[in-house]
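What follows is chain A paired twice: with chain B in the first complex and chain C in the second.
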Partner chain A sequence: MTVLETLLSGQLLFAALVTGSLYALIALGLNLVYGTMRMLNVAHGDLVMLGAYGAFAAFTLLGISPLLAAPAIAAVGGLLGYGLYRGIFRKILAGGSSTTAVRLESNSLLLFFGLSIILQNATALAFTPNNRAYNYLDTVYRVGDVAMTGNRLATLLIAGTLCIGMALFLARSVLGLAMRAVIERREAAHIVGVNVDRVQWLSFVLGFGSAALAGVLVSMLGQFSPFSGFPFTIAGFIVIILGGLGNVMAGLLAAVLLGLIETYGVALTSANMRSVLLYGAFVAALLLFPNGLFARRAAAR
Partner chain B sequence: MKDLCPNHGWTLLWITCLTCLGALPFLANDYLVGVGLTLLMWLALTQSWCVLSKMAGYVSLGHVVFFGLGAYLVVVTWQQIPLVLAVLGAGVLSALVAALVGLPVLRVRGPYFVILTFGLAELVKYTLTWIESASGMASRILFGAPDLRVIYFSMFALALAAVALLTWVGNSRFGHGLRSLRENEEAAETLGVPVVRYKLMAFVLGAAIPGMVGAIMALRSTYFVVGQVFDPMISVTVIAMAILGGGDNARGPLLGVIFLTLLSELLWANAPLLYMVILGAILIVFVLLVPNGLIGLLEGRRAAASASAGKPP
Partner chain C sequence: MKFPKTSRRKVVGGITAAMLALASGTVTAQADKPLRIGFSMARTGMLANATPSQLNTYELWREQTNARGGMNVGGTKRKVEFVIFDDQSKPDQAVRIYEKLITDDKVDLLLAPWGTPFHLAIAPVLEKFKFPVVGNTAASVALRTVKPGYIWFPTSAIPDRIGVELTAMLKSQNVKSVAVLSNVLPFTKEIKNFLEPELKKAGITVKVTAEYPPDISDMTSTLTQVKQANVDAVLALAYPGDSVLYAKQAKELGLNNPLHFVAIGPTDAFFAKAVGATSAEGVVSIAHWSPRAEWKGSQAFYDAYVKKFGEDPDYLNSALAWMSLEILETTVAKTGLDKEKMRAMISSTTFDTINGKVKFDGVQNSITPTAFVQTQKGKLQIVWPASLASSKFEAKKGW
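After this line comes the complex of A and B, so read on.
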């Protein structure tokens, strides 16, 4: 097969869609926590990693299928988010006045960074720092000339459904509207009677839960280690920067775009280029579109 | 001791530290000299980090990039140009890189700056890793590196230079400008502080020293892999040390550096993962509960003592 044939086949497109849907799901959780509280959760990818280990442990130790364990793992992730919000972040949010807002943001980032280091190394202590993987749903299905494994199909379906469900929840339900209100104008939302505290803890629960669930999907696809979470955080950031705050549908498109860049970039060069591409896209997004986010943030204050 | 003027106490601490560190190579075995070298390395890195990140409040998570570039320059030019030139060149290269990327990068603020600097450092790391593997260089070994004591005193000089730089900046008009833009960038600009120029100057000034530190540490380890000299944990450790120490002068980081270097000596060899967990916990506890760091605790207690004694602090 020549390079051109590879590029034109549906195979790469399918791979890009799978990656993109995963990134969309991961970015969604990140977006909720960032949008409602203006805190960059750099530990988000580590929650994905924890979810992967949860599925790994359930599968290898208890023999439970990852897809059956997924709701429980998501629930544990959500619970962790709730605990952290109650224990740490509610206090900081309450203490921050608008003059110290910028410093609060840098500080919350350092807190999440500390959390990230703890999660990575505690996982390495518990599971050893080695790469892990297991085989699950690896039957190959063929549609036309595209070969798809069951786990990739499942990932695409589950991540896609969850993202669209989340978009509907934000667009239609009362709670979703409240969430969007807080994302756009926090003080104003508070004045018109939105329970900001409830929206915030719910964002933490949904954000952490969806990250853990994305981790289950990640674990079915390939190898992972205690330190493989961070690239997911970066991918999530790229999607948020490109897609915009609280804008789930635009985020979905941005995620697919990133999936395309990554998949086709790697196919054209080599697997070693994956990280270069990812971080390159990240730096480019931040430098070229810094005002996209900042303009919105300034408007929100 | 309460009557002792606070500055005398600090002068005493500095003199004690410097005398001990200066005398170390003549008295101690190679292991202890190595520990001293590590301490001096962190001191130089942390003090230079503070020039931009503590003074102006632009928290950089990419300090390691200068360290790595310096090390890389020495390795690439190994035995082709004189070492002194390579080390000095490492400083110049780092400053140049900072000057080049500074303008676009310093436009980005707050948490975006933090995460952008991290992303940039990782981008450089992965690009160099890719270049090295494409050219068939998985790792390199340096033969004929200078004696440990030569390395030690070069690092000693760099640490002194970093402390002097931060102290000078802290007391200068320039430093007050940086502090003012940390508190409120728009207000500072309105009052005539040249914020863009000041930020860039701080970034460039703080970049030269870690470049040279990286160059010297490459001579110490003699074994070179890109992933190791661009390890993001170097940046994290620098931040942890600065935050642990607190304050925006040279004293706070000194306390943080001593504490964490000793802790890592105790734990690193036997329990590196546990050390990292503790590092993360320190970051959280200090950001959350002790935002002014160890120096804030010390000086807060002193201020309380002098206030209760009826003296103005």
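After this line comes the complex of A and C, so read on.
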């Protein structure tokens, strides 16, 4: 393939969009929790993995279509987030003084790290560490010269719709505005009467729920094991650093950009360059745009 | 805050007991001195998903042996008890565990861990304590650099032999051009290094050659090139972690090459479940075993495994694990637990296993030939070499 052929290939564009939309959905939840509480959820990828197992169990044990099970799995993920917030994180957050705020970051990191280990090993106990995968929606559709497997098409549509829906929610609804207010100026939002506690638990619910849902999509595409969550955490990190920590909208764009960089970069060089490209983009963004690729100058402090 | 009064000793004791129970994996009633057999296994970490087919085989053997009244140790039957530790997918951890098993737990026998790097890592420990172990799931030319003595490798799936035999098989199918895709992990990379010169010697054109990292999540760009090259055979030197991705995307892009070789994955039961029976049909892979009448016990092993675990054993790793147990059992029945006598017997005897006769020349099995299997009507059949074949190769008809 010549360079031009590569750039014009519809097949690659499709692959880039599938990857990008999945990254966007995964990074979205990570960013919400970070944005509202400044807590980096290192267990985020494990929630994706958990969602994948949920879909796998529903499909193989109960015979339920993963897409039908998806809302329930997302709800369980959200409930887990709610429980964790109520049970653990709110108590730590309630501390108040500035020293605890500093300690909070390290404590929450440790807590999430512990959660990650517990989730991995609990899943290994429940499902064995075997590779798991199943076959669903594997009809191949052809549009022009682009071939699309049903499950990849579904991933693109669902992840894309959810991300756009989320963007609209944040831009238009009162609750979404409150959420953005807490992300941008936490204290000020509190003073003008935003119910910070509610925003925080809601972001936990949405963050965990969207991760579990992303897991359902991931489970249809390839195989997974109890230990395959970590790469998703990393991908999520790269996306939210590219977009700007806490900047949810920019994160969505950054995810698509990353999908494009990865797919076309690999096509033009070699698959071995994937990590170099991903981390290269990451380091370049940190050096050139420390506040994120899409940071508004005025917002830069 | 007041806590209910529980003495610290009780708590510590309880935790220790629980950990011991977890670590040993088996809590048997005190029979008169059970035989303690130790090993490490990757139960967590990056390789944990590859080990169940081996661990299951060990468990099945223990269950059957104990049901027979125990393992024959130089004439007396003794119940078997496992001492298992998790090496967290780290070879250096396995080294410590085997040292501990020998010096601290003082186990009676040792079984092999999973995978080449682990076998290589523990070889010096075995040498140091003169403790013989029959290896199983290890395959690399590097194994030959291990000093013969206390470890043996029954596999014939050694990369240089795979290079030669795979090329011969392709020749026999009149293949003129191939695409070689390789995961950069050691085993597949090694196969690639030995395979490409062999292909060249045989006059087979390598039209596409590509490598990819283990964490690949999309193969569209590579497989698009493969499709355009229109080759007679695609040789995907994949690991279990990416074999499914390869099959799913080969289907999406409609790769209609008549021969698809996928190095590791298709011999494990999960593969066909993951990609669907039609996609798995016709894929060629590495294994030198299949249940057959002339290999005594092979069908019985297959049936027992399927009955206990509800899926097929891995034709490579489960079979190798079982062979290593058979060799150990035959030896110990004769020699008892005398390590030097064990070593002498393993080094010089021709053993009957579910994979036919096995004899070690140095560290290597000198009898079993390198072979390939193909999924035909949902069953794995040996299609190469002709001397072992249980069926003829059939061209793959789409995904």
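In the analysis below, the second predicted complex is superposed on the first by the 247 of 301 C-alpha atoms of A that agree within 3 Å, B and C clash if a C-alpha of one lies under 4 Å from a C-alpha of the other, contacts with A are read in each partner's own complex, and residues count from 1 in each chain.
The rule is simple: a contact is a pair of C-beta atoms (placed from the backbone, for glycine too) under 8 Å apart; a residue touches a chain by one contact, two chains touch by 3 or more.
Everything numeric in this text was worked out from a predicted model, so none of it was measured.
Novice: Classify the contacts of A:Ala271 with the two partner chains as first (chain B alone), second (chain C alone), both, or neither.
Specialist: second
Novice: Once the shared chain is lined up, is A:Ile92 touching chain B (first), chain C (second), both, or neither of them?
Specialist: It touches chain B, and chain C stays clear.
Novice: Can A:Thr19 be said to touch chain B (first), chain C (second), both, or neither?
Specialist: In the superposition, A:Thr19 contacts chain C only.
Novice: Once the two structures are fitted together, what part of chain A is touched by chain B and by chain C alike?
Specialist: In chain A, residues 120-121, 124, 129, 272, 275 are touched by chain B and also by chain C.
Novice: Within the complex, which stretch of chain C touches chain A?
Specialist: Within the complex, chain C contacts chain A at residues 43-46, 48-52, 184, 210-213, 215-222, 224-225, 228, 240-242, 244-245, 248, 251-254, 268, 270, 273-276, 279.
Novice: Could you list, by residue number, the parts of chain B that touch chain A in their complex?
Specialist: It comes out as residues 57, 59, 61, 104-105, 107-112, 114-116, 119-120, 122-123, 126-127, 129-130, 133-134, 184, 236, 239, 243, 273-274, 276-277, 279-284, 287-288, 291.
Novice: Per the contact definition, I'd like the list of chain A residues that touch chain C in the complex.
Specialist: The touching residues are 1, 6, 9, 11-12, 14-15, 18-19, 120-121, 124, 128-135, 138, 140, 147-149, 152, 221-223, 225-228, 231, 262-264, 266-267, 270-272, 274-275.
Novice: Could you pull out which chain A residues touch chain B in their complex?
Specialist: 39-40, 42, 88, 91-92, 99, 102-103, 105-111, 113-118, 120-122, 124-125, 129, 234, 237, 272-273, 275-276, 279-280, 282-283, 286-287, 290, 293-294
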